[in-house]
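Two complexes, one shared chain (subunit A), two partners (subunit B, subunit C).
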Partner chain A sequence: MLTDTSTAGHPLNECLNPDGSVKPVYRNLVNAIDSLGVPELQRRWGDANHRAALDAFTFMLDPREFRTVPTDWMPRLIPEGEWDVISRGVAQRLKAINRFLLDLYCGEQEVVPPDVMYSCQYFNPELLDYRPARDVFVHIYGIDLVHMGDGRYVILEDNLRIPSGITYQMKSAEIGLGAIPELAAGYDIIPYDIRAAYQEMFASLCEKDSPVCVLLTDSKYGSAFFEHRYLSELFGITLVEGSDLYIGANGRVWARAMGGDFEVDLIYRRVEDLELFVPGLTEAYLDHKVVLVNAMGTGACDDKLVFLWVPDMIEHYLGEPAILDQAVSYDLRSPANREYVLQNLDSLVLKTRQGYGGLGVFILPDLDKGYRSRLAQQLIEQPQVFIAQETLDFSQHLVFDESSGEFEGRYVDLRVFAVQNGHGEVTVFPGGLTRVSEANSRVTNNSSGGSCKPSWVVR
Partner chain B sequence: MVEPRSISVSSDRWLTDSRVYSLIWLGRWLERADNIARVINTFARIAVESGADMLTLQQSLGNAAAIRGIRVEDAGQSLEMLLRYHEASSIYHSLHTARSNATHVGTVELIRAISETVMTLERDGAMPASPLEALLLTNEILERLDAVYKVIDDSWFHQEALSEEEVYRRFVQQ
Partner chain C sequence: MQTQLGGPLAPEPVPVHFAYVARYEYSDVVVQNDNFLRLSPYDDRYQTPAGGGSEVATVPAGRRITYPDRLGNVVNRIRITAPHRELIIAATGRVCLNDHAPVLDDAPLASIAYGLDAQEFLTASLLADPETVRAAAREAVGSATTLLETVSGVVRWVHDNIRYERGNTSVNTTAADVLQSRSGVCQDMTHLGLAMLRAYGVPARYVSGLLTRQPGETHAWLEFLHPERGWLPADPTRGIMELNGTDYLKFAVGRDYSEVPPVSGSFVSKGEGWLNFTTAEVFFDRETVSVDDALALLEGN
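Moving on, here comes the complex of A and B:
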C-alpha cells in the first residue's frame, strides 16, 4: 500500500525512489507496514495517539486547550554512515561556537565583524570578562538540518539559548515502538542515554559532590511544559517556577519549599528573561554563586547573521574545514548582496535575525507578489534586521493519513541535540527530532502547525 | 504503620511552593468535578426511577446549575453545560484543569488516570440523550474518579509510583 502512494514521484523522497521502488534501508519497514495492512495500521495509530493523550504528551499553543503533539508514528531511518558525518559535524560546530563565545566575552574575537556582534540583540555586555563554570557556555545545543536526498545534510540554523524538543525525540520513539513494535523488525537501532549524559554534564559543572540542580520552567501553562516536567523527572531534579526562587542573604539562589528552603547549585533554565523570573539572578550568576545551563550570553550565536561566520569559527579555532555545509546566506548590509536579493526575491528565504519557532521566516517563493513587495520595502528600509538564504529543495518523507488510510509526502527537517559537559566532552544523541511540515508548506515548526516523527539511526 | 512520603516521585526532591499551590488546586478541581458528577448522577437516578423525561431532568439540573452560578439561557442545555461546556463549572473543565495541575505535581499514573476520565467526555456520542444515558455516563465518570483517588493513595502512601525515569528505564531495557 505504501508504494501505491501518489507522492512517490517527489525526487527527494527519503523512503521511495522516483519510480516508486523502495530504497534499500526502508525495505524491512515497508514490508512491516504492508504486512499490517491499512485497518490494523489505523488501529495501531489510534493506540499510539491514545497513549500520547493519556500521558499528556503535549505542546500547548493555547493554555486553555489540551493539544497532544501531532506525531506521525512511521519512523525516519538514518543509516549509521550518514549519522556519523552528522554527529561529527555537530560536535565540531558546538566546540567552535563555544571557543568563539569564550573569546567574545573573555578575550578578543577576530572572526565576526564587531558591528555585527554589537548589533546583536543577545550579545550581553554585562558578561564581559566573565568565565562560566569550566569555560563552557554551550551545554545544550540544538541544530536544524535538512537532508538534500543524497546523504548530504545542510544546516539551516543553530539553537543555543534554550533549545527545546529532545523530549519529543525520546517520547515519539517510545510511544511509536510501544504501539507498533513490528516496525523495528530487521533493524538494529542505535540506543542512547540522555539521562546519563545530562546528569554527568550537571555534575561536571559543579564544585561539590551531589549538587542541587533544578529545572526552571515558565509555568505549567507554558507551551513546552511537558518537556520541562518530563526532563525534571527523568533527571531526578526538582521542577521550579520563578516564584520558587529567590536570592538569599548570602548571595546564593534559594528555593522555597515545604519543610525548609534549600540552596540551589545549578539551574537548568528553560526560560529566556531570567531577571523577570528571578530578580537578582544575574548578579548571583556573575558572582559564581550558581551555574546556569545554558550559560548567559549564548544567544549571541543564535543570531541569524552571526550564523554566516560559523564556518570561519571552525577554521579559526579548530584549524579544520567544516564537516557539514550550511545554507548559503546573504549579509544584507552589503549593497551588492541587497541588490542581488531584491532581484531574486522569488527564489530566496528571508529571515529576521532574532526570529525563532518559525516566526520571522519568510519563504518568498511561497508568498504572493504583494507580500513579497512589502517585505522588499522593509528590507530596503532596515537591511540590518534580515538575512537571506537560498531556498533549498530538501527531502520529503511519508506520513500516514489515518482517515484515508493513505500515505502522503511532507517536507521534513531534522533537529539534532548535543550536550557538552564540563570536561569539554560532547555527546550527540542519535536520531534527533524529525519535524514534519503541513501539506503545501515547508515550515516544520510545531508552533507553526508542523508535526514530528520518530527518527532511528540504524546499523 | 507506613510512613507518608513526598508526592514527588523521588525522595530526594523537594515539594516547592509552586508545587504545593498546584497540589491544592489539583484537589480543588477534582473535588469540583466529583461534586458536579454526583449532582447530575443523583438527579438522573431520580429521573430514571420516576420515569421522568429528558426535559424534566434538564429543568431540574437548571436549578443545580444556578446554585453553581451558571446562567443557562436555554433550560434544555443544563446537562451539556454541567458536563462539558461551562468554562468554570463543568466536569470537563474541572478535570482538564485538574490534569494541568497534576502535570506539575503528580505522577505519570495520576496524569493517565485523569486523562482516562477526561476521555469519557470526549468520545463520540458522549452527550446523553436520555436520563438513563446521563446516569450511566456519570456512573462511569465517578468510577474513573475513584480510580484517580486510588492512584493518589497509592503514590502518596503505599507503593513506589511510576515515574518518567522508570518509564524510560523500561523502554531502554526493551
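Moving on, here comes the complex of A and C:
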C-alpha cells in the first residue's frame, strides 16, 4: 500500500527510488508498515497523537489553543555512513564559529568585512575584550540542512542565538517508538544521551560538579514553552521567568524560591534581550558572576549575511576545507550580485538578514508575479536588508494522511543539534529533527506551520 | 562667497572645529540603547579630517566600536546598558575644508557610460524613487542635454518650486510626497533632487553634514557622479551647484537619508522616546574642541 502511492515519482524521495522501488535502508520499515495495514496504522497514529497530547508535547502558536506538535510518525532513516559526514561537518563548523567569535570580541578578526560584522543587530560592543567561561560562546548549536540525494547534505542556515527544537528530536522518536514499536524491527538505532551531554557541559563551564543552573524562559505562553519545561525537568534544573531572578548585593544572580532564595551559577537562557528580562544581568555577566548558555554576543553569527563567510572561518581558523557545503548565497552589497539576483529572481530565495523561524524567507519561484515584483522593488530600495540564496531541489519524504490512509510526498529538511562543553568537546546528537513542509511548500519551519518526523541514524 | 565654474580656488584649506549635541528623552526607563552615529567628518578631497579632537561620546557612557561602512562613512556604534531616561549624544571634530576644484568639463549625458558601481545610485532607494518624479524631472531639465545643465536644471527647479517649510514632513517622507506637497526641508528637497537626477540617468547620492556658516542643525545636499571628476556636490535647498567648499562640512553619504541618519538605532524600554533638543556649532577660530564644548551647547536648553 505504501508503494502504491501516487506521489512516488519525485526524483529525490528519501524512501523511494524514482521508479517507485524502495531504497534498501527502508525495506524493513516499509515491510513493517505494509504488514500493519492501513486501519492499524490509523489506530497507531491516533495512539501516538494521544500520547503526545498527554505529554503536552506542544508548539503553541496561539496560547489560547492547545496544539500538539504535528508529527508524522513514520521515521526518517539516515544510514550511519551519511550521518558520520554530517556529524563531522557540524562539529567542524561549530568549532570554527566559536574561534571566530573569540577573535571578533577579543582579537582582531579579519574574516568578515567590518561593515557587515559591526552592523549586525546582535553584535554587542559591550563584550569587546570579554572572554566567556572556558572561551566557549556556542554551547548549543542548531544547523539546518537539506538532503540533495546520495548522502550529500547542504547547509541552509545556522541557529546560534537560542536554538530550539532538541526536545522535538527526542520526543518524536520516543513517542513514535512507544506507539509503533514494530517499525524498529531489523534496525539498530544509534542512541544518544542529551541529559548527560548537557550536564557535563554545565559542570565543565562552572568548573564544579553540581553547579546551580536555571533555565530562563521568555514566558509560559511562549511557543516553545513545552521545550523549556521538558528540558528543565530532564536536566533537573529550575525553570524561571525573568521576574524570578535578580542581582543580589554581592553582585551575583539570585533566584527567588519558596524555601529561600539561592545563588545561580549558570543560566541556560531561552531569551535574547536578557537585560529586559533581568535588569543588571549584563553587568553581573561581565563581572564573571554568572555563566550564560549560549554566551552573550553569539547571535552575531546568526546573521544571514555573516553566514556567507563561515567557510572562510573554517579555512582561516582550522586550516581545512569545509566538510559540508552550504547553499550558494549572494551578498547584495555587491553591484554585480544585485544585478545577477534581479535577473534571476525566479530561481532564488530571498532572506532578511535578521529573520528567524521561517519569517523573512521568500522562495521566489513559489510566489506569484505581483509579489515577486514587489520584493524586487524592495530589494532595489534596500539591498542591505536581504541576502539571496540559490533555490535547492532538496529531498522529499512520505507522510501518512490519517484520514485518507494514503502516503504523500512532502519536502523535508534536517535540523541537527550539537553541544560544546567547557573542554571544547562537541557532541552532535544522532538523527536530528526532520521538519516537514506543508503541501505545496518548501518552507519546513515549525513557526511557519510545518510538522516534524522522528529521525533515526541506523546501522 | 560662491566659487563660479572655472573660478578661483580658495588659496588655503580652512581649518574648522565643530560640536554637535542631541538629547533624547524617554517616558520610562531604558535598559538598553544601541545607536549608530554618523557624525564624524568624511574623508575626501573637499575636506580632510584632522587628528586630535574628533570624538563621540554619550551620557550615560556605553561601549563603542568604530568602523568604516561600505561607502567610507565612519560609523561609531555605541551600546549603553546603564539604565537611563535621558540620553545625550555629543560629537566633536576638527577638519580642514578645501575649496571645491572648478568643474570645467561638461559632457552630453548621452555620451556618458556609468559603470556597474554607479547603478545603485541610479535606481530607486527607499525615499528617492525616480519612477515617481519623471514628469517633474522633464519639466526641470527642459531641453538640457549635458550633465551639468541637467544637474543645474534640477537643482534650480527644486529650489524654485518647493517651499522651505518645517513641520510638514518627517524622516519617512519620500521624493514623491515632496513633489505632491511642494514643501519640505533640506532633506526633502535633496530627496526630490536625487530622484529627478536618477530619472535622467545621473547617479546621485545623499550627503548629510553641516552648513559651516549656519550650523544649528544638520544640513542635507546631494552629490552627482561626474565621469572624470567623481562625486560633485550640489545643493537643491539653496538652488546652487557651485558650492563654496568651506561652507559645507560633510559627515556621511548614502543612497538617501534612511541609510545615513546622524543617529539611528534602537532602545529597549516599556516607554516611548523622542528627540528633545539638538544643535551644532562650527568654530573658525578655535585651537581645540572637546566633548565638554558640545555638552555646553545644552546649557539653557
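By definition in this document, the second predicted complex is superposed on the first by the 456 of 459 C-alpha atoms of A that agree within 3 Å, B and C clash if a C-alpha of one lies under 4 Å from a C-alpha of the other, contacts with A are read in each partner's own complex, and residues count from 1 in each chain.
We take it that contacts are C-beta pairs under 8 Å (C-beta built on N, C-alpha and C of every residue); 3 or more make two chains touch, one makes a residue touch a chain.
These figures come from a predicted structure and were not determined experimentally.
Visitor: Clash or fit: subunit B against subunit C, after overlaying the two structures on subunit A?
Guide: fit
Visitor: Using the superposed model, give me the angle at subunit A's CA centre between the CA centres of subunit B and subunit C, as a multiple of 10 °.
Guide: Superposed on A, the angle at subunit A reads 110 degrees.
Visitor: Identify the partner contact of A:S119: answer first if only subunit B is touched, second if only subunit C is, both if each is, neither if none is.
Guide: Second partner only, subunit C.
Visitor: In the overlay, answer first, second, both or neither for which of subunit B and subunit C A:R338 touches.
Guide: Second partner only, subunit C.
Visitor: Is A:A185 contacted by the first partner subunit B, the second partner subunit C, both or neither?
Guide: The answer is neither, since A:A185 touches no partner chain.
Visitor: Quick check for you: in the superposed arrangement, does A:V328 touch first (subunit B), second (subunit C), both or neither?
Guide: The answer is neither, since A:V328 touches no partner chain.
Visitor: Identify the partner contact of A:R229: answer first if only subunit B is touched, second if only subunit C is, both if each is, neither if none is.
Guide: first
Visitor: For A:M170, using the defined touch cut-off, is the partner it touches subunit B, subunit C, both, or neither? Pick first, second, both or neither.
Guide: In the superposition, A:M170 contacts subunit B only.
Visitor: Looking at the overlay, what does A:L276 touch: subunit B (first), subunit C (second), both, or neither?
Guide: After superposition on chain A, A:L276 lies in contact with subunit C alone.
Visitor: What does the superposition give for the shortest Cα distance from subunit B to subunit C, in Å?
Guide: Superposed model gives a least subunit B-subunit C C-alpha distance of 21 Å.
Visitor: Give the list of subunit C residues in touch with subunit A in this complex.
Guide: 31-32, 36, 62-65, 67-70, 75, 77-79, 81, 83, 116-117, 119-120, 123-126, 129, 258-259, 268
Visitor: List the residues on subunit B that touch subunit A in their complex, please.
Guide: That would be residues 8-10, 12-20, 22, 96, 99-101, 103-104, 108, 111-112, 115-116, 118-119, 163-165, 167-168, 171-172, 174 of subunit B.
Visitor: Going by the contact rule at the top, pick out the subunit A residues touching subunit B in the complex.
Guide: These residues of subunit A touch subunit B: 53-56, 63, 66, 170, 174, 177-178, 191, 193, 195, 220-221, 225-226, 229-230, 233-234, 236-241, 243-244, 255-259, 262.
Visitor: For the complex, give me every residue of subunit A touching subunit C.
Guide: 113-115, 117-119, 123-128, 273, 275-276, 279, 282-283, 333, 335-336, 338-339, 377, 380-384
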